[in-house]
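Across the two complexes that follow, subunit A remains constant while its partner is subunit B and subsequently subunit C.
Up next, the complex of A and B:
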């Protein structure tokens, strides 16, 4: 009978009125992000050994690393991501042998100006010599001093990242 | 009275072309005399870009071909490289099953868009919101699995990038148990609608002979009643272990192609259910060297993508970068018959015909 299909279709839409809403009011509410979500990158500068494997793994040459030799170790001085070319494929994160580079859950990376887009994760001068505990093996003494230095370094890295990152960023 | 024909550009900016696609229509009044498809507006040169990248680095680019079923695009490329390296047999069982699960989820997601978008093309935009609501659940699952929703880059040469997380299993089981009722909803809302049926039945018929001659594959061919599904006729990966049917149409018109996709979604859910039940433990990545250097030579592998047969041809010269990569994109080849299909139909039917072969322009233009 003509019209039967239309009535059935209307029934489907009618039932929908009593169901739970599936949308969220975005700027006020946020849908939960999965644990593996590919958000903005974060770099643990202490873990990074400046091996450059992430830069090699990148299909678009997004990652630019500058390093200096301090004592016997390579010291990461600058870690810049040309994030405007990034595909967020995660090959850099996968290739990192020390799990230094990782994804965060920060999603608002939008900027008003193109030159602000670039993501500077580390920008620091190389020290004269590595602080104690850094240069020594982990089992050696001065762990507290090493820890303090590490915290300081992390803070500096964060500040550098924050400078380049968007001001509205979390 | 003598009348003149005139030409009309449909597209490149037209919502029913699923992207940027132009059809130059030569019209006699409202009737199409000749239709000339003009693709190429979304060409990014993925095949050329691949030549400057290592074998692994090509994977994110394959996502961007058919971005509605990116897992399957990954699979096509990865299968070709694995064939080139001769490690097809070494892919761990668990990785094979994970590939089947995620690949079939991708197929469902793609068919959901095809279904909802087609309803929108015909004039019932409500259907669009229903399929998108349900597709969102697949996107959420992909987010759990690989962190991205559409451009997944999940497959690796020799396996997959990461194991399925724990939270994936309940979500996936819930989804496949809900899928039949979702499909019933689409059938009630779209398939059963008289206006929809009047617009699509007996329109844009692909005869079985024409379908084969033009190289059409996928649901567009199966709508004409030809049981050609690579998963059945030439099973790759572990597809020979699953019990599923290949839904077929009878007349080969727009309606049959459309309803084939809804039936295929139900079958995909069956496959996923079986794969989840039999998911073996073990590694997810075969032992492949860090720097992938396949021996000089070439390989061609095919998989059944959501749009049809996706082929990938890889030539190696022994270096870490592919010498040449070529993709046989089903959307592009299915488009070949569009001109012939549109002839004699009215402008409104062109949209119905174009929507029924379910193209995605990222794949057409590559």
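Up next, the complex of A and C:
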């Protein structure tokens, strides 16, 4: 019959009207992110051995590493990512031999001023000497120290995330 | 209950003025002005609401939520939009015909508002009970064409000109089936007075007596208001925004709001001519007559929106072909059948 398609079209839109809406109300709700989502970078400074493989892997020369020699070991003092040039390819994450650098699920990295965009993951002075036996075979004391350091690192990461979430900058 | 709400207010105001010793002629004039202002406010508020409703309906059809941030449930979205548009600069193209260019958005609201004056909003609720109401409606409704043409011509822009030419071509060719479809109803009732036409539908709405006429009127009405699937006038993919291309700020907004006023007009006319106007169906008179009118108009408006967000735009040749080769012959056939039927019924002696 002539006009059957028109009626069918109206039926489709009518049913569509009562379907569950697909909109996610962004600031209040978040669409779930995949486990492998390429978000903001996070660095486990205790795992990092300052080998510089991530900086070598980076196609855009985003990663800038500063390290100092403490005793026999390289010690990471500064880990800066010029994130405005980053294309989130993940080559640094793949190249890391200790899985120190990783993607997080923080997606809000906007800043009001351009110079605030730079992502400083580690900025610390080198200690006089590393605690004994921390690296190779961690004993009880060493583990505790490592734990303390990890807590400290987590707090720092949180602070950095807070800064990233603040749109206006300081 | 509520039935005499508005007529009561009018009678009370009239009595008040009479008691204050206002001469009869001044009394009438004041009452008329009050009625006109009430209609104006009603239309403008409705137009604002219709923009919001259109966005919500389109959102729901597309599985979205639609505006829901400004005000409760996003109700103030249109108010915010109008506020924004008011604060924007009105850019006038250097080579445009400035007077006509600026006059077009001012005049675009005049025909819809003038028509609203004769609309019977409820029992005895027409501001002016004109005995050629339908004729007045049709005459003024076709004036809009001229104003669209003014806007398109004065813009000095080829898209505006093409859009304006499409407006004229489309509205003139669909005016004919629109009028001819209404002619069937007018033949049945033998009057052009809207109130009498509504009264004649006390037993049968004319949508049942004249289903073909209703369909033709509805399709031609969609076309007259330049809405999808007949929105060639502002076919974004081809001619940007048609006659509105060069308009910015409130000038553009006036055209947009006038479109909704026109949608309302066509729906009102549908209600009056085919859906029994303010008559209550099934004898449900506990709902006031003006509210029945309102409900019917809004059902029609909803169908307009539903259609808009369902069908794609048709081509110009399809539009013209459909108008002249299908709608006009059909409406003529409808008039013929109606006329013959009336004679047969009269001969039978019904």
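Here is the rule we go by: the second predicted complex is superposed on the first by the 127 of 170 C-alpha atoms of A that agree within 3 Å, B and C clash if a C-alpha of one lies under 4 Å from a C-alpha of the other, contacts with A are read in each partner's own complex, and residues count from 1 in each chain.
Keep in mind that, in the parts below, a contact is a pair of C-beta atoms (placed from the backbone, for glycine too) under 8 Å apart; a residue touches a chain by one contact, two chains touch by 3 or more.
If you're wondering where the values come from, they're calculated on a predicted model, not measured in any experiment.
Asks: Kindly classify A:91 by the partners it touches after superposition: subunit B alone (first), subunit C alone (second), both, or neither?
Replies: A:91: touches subunit B, not subunit C.
Asks: Counting only touches as set out at the top, which of subunit B and subunit C does A:22 meet: first, second, both, neither?
Replies: Both partners, subunit B and subunit C.
Asks: Going by the contact rule stated at the top, is it subunit B or subunit C that touches a larger number of residues on subunit A?
Replies: Per-residue touch count on subunit A favours B.
Asks: On the A-aligned overlay, A:34 touches which partner chain: subunit B = first, subunit C = second, or both, or neither?
Replies: first
Asks: Answer with first, second, both or neither: which of subunit B and subunit C does A:9 touch in the superposed model?
Replies: A:9 contacts both subunit B and subunit C.
Asks: Go through subunit A and flag every residue that touches subunit B in one model and subunit C in the other.
Replies: 6, 9, 12-13, 22
Asks: Considering only the defined contacts, which subunit A positions touch subunit B in the complex?
Replies: Against subunit B, subunit A makes touches at 2-6, 8-9, 11-13, 22, 33-38, 57-59, 87-91, 94, 103.
Asks: Show which residues of subunit A lie in contact with subunit C when the two form their complex.
Replies: Touching subunit C from subunit A are residues 6, 9-10, 12-14, 16-17, 19-23, 25.
Asks: For the complex, which residues does subunit B have touching subunit A?
Replies: By the definition above, subunit B touches subunit A via 53, 56-61, 63, 126, 130, 133, 136, 140, 143-148, 151, 153, 161-162, 165, 185, 188-190, 192-197.
Asks: Where on subunit C is subunit A touching in the complex?
Replies: Contact set of subunit C toward subunit A: 57, 60-65, 68, 306-307, 309-311.
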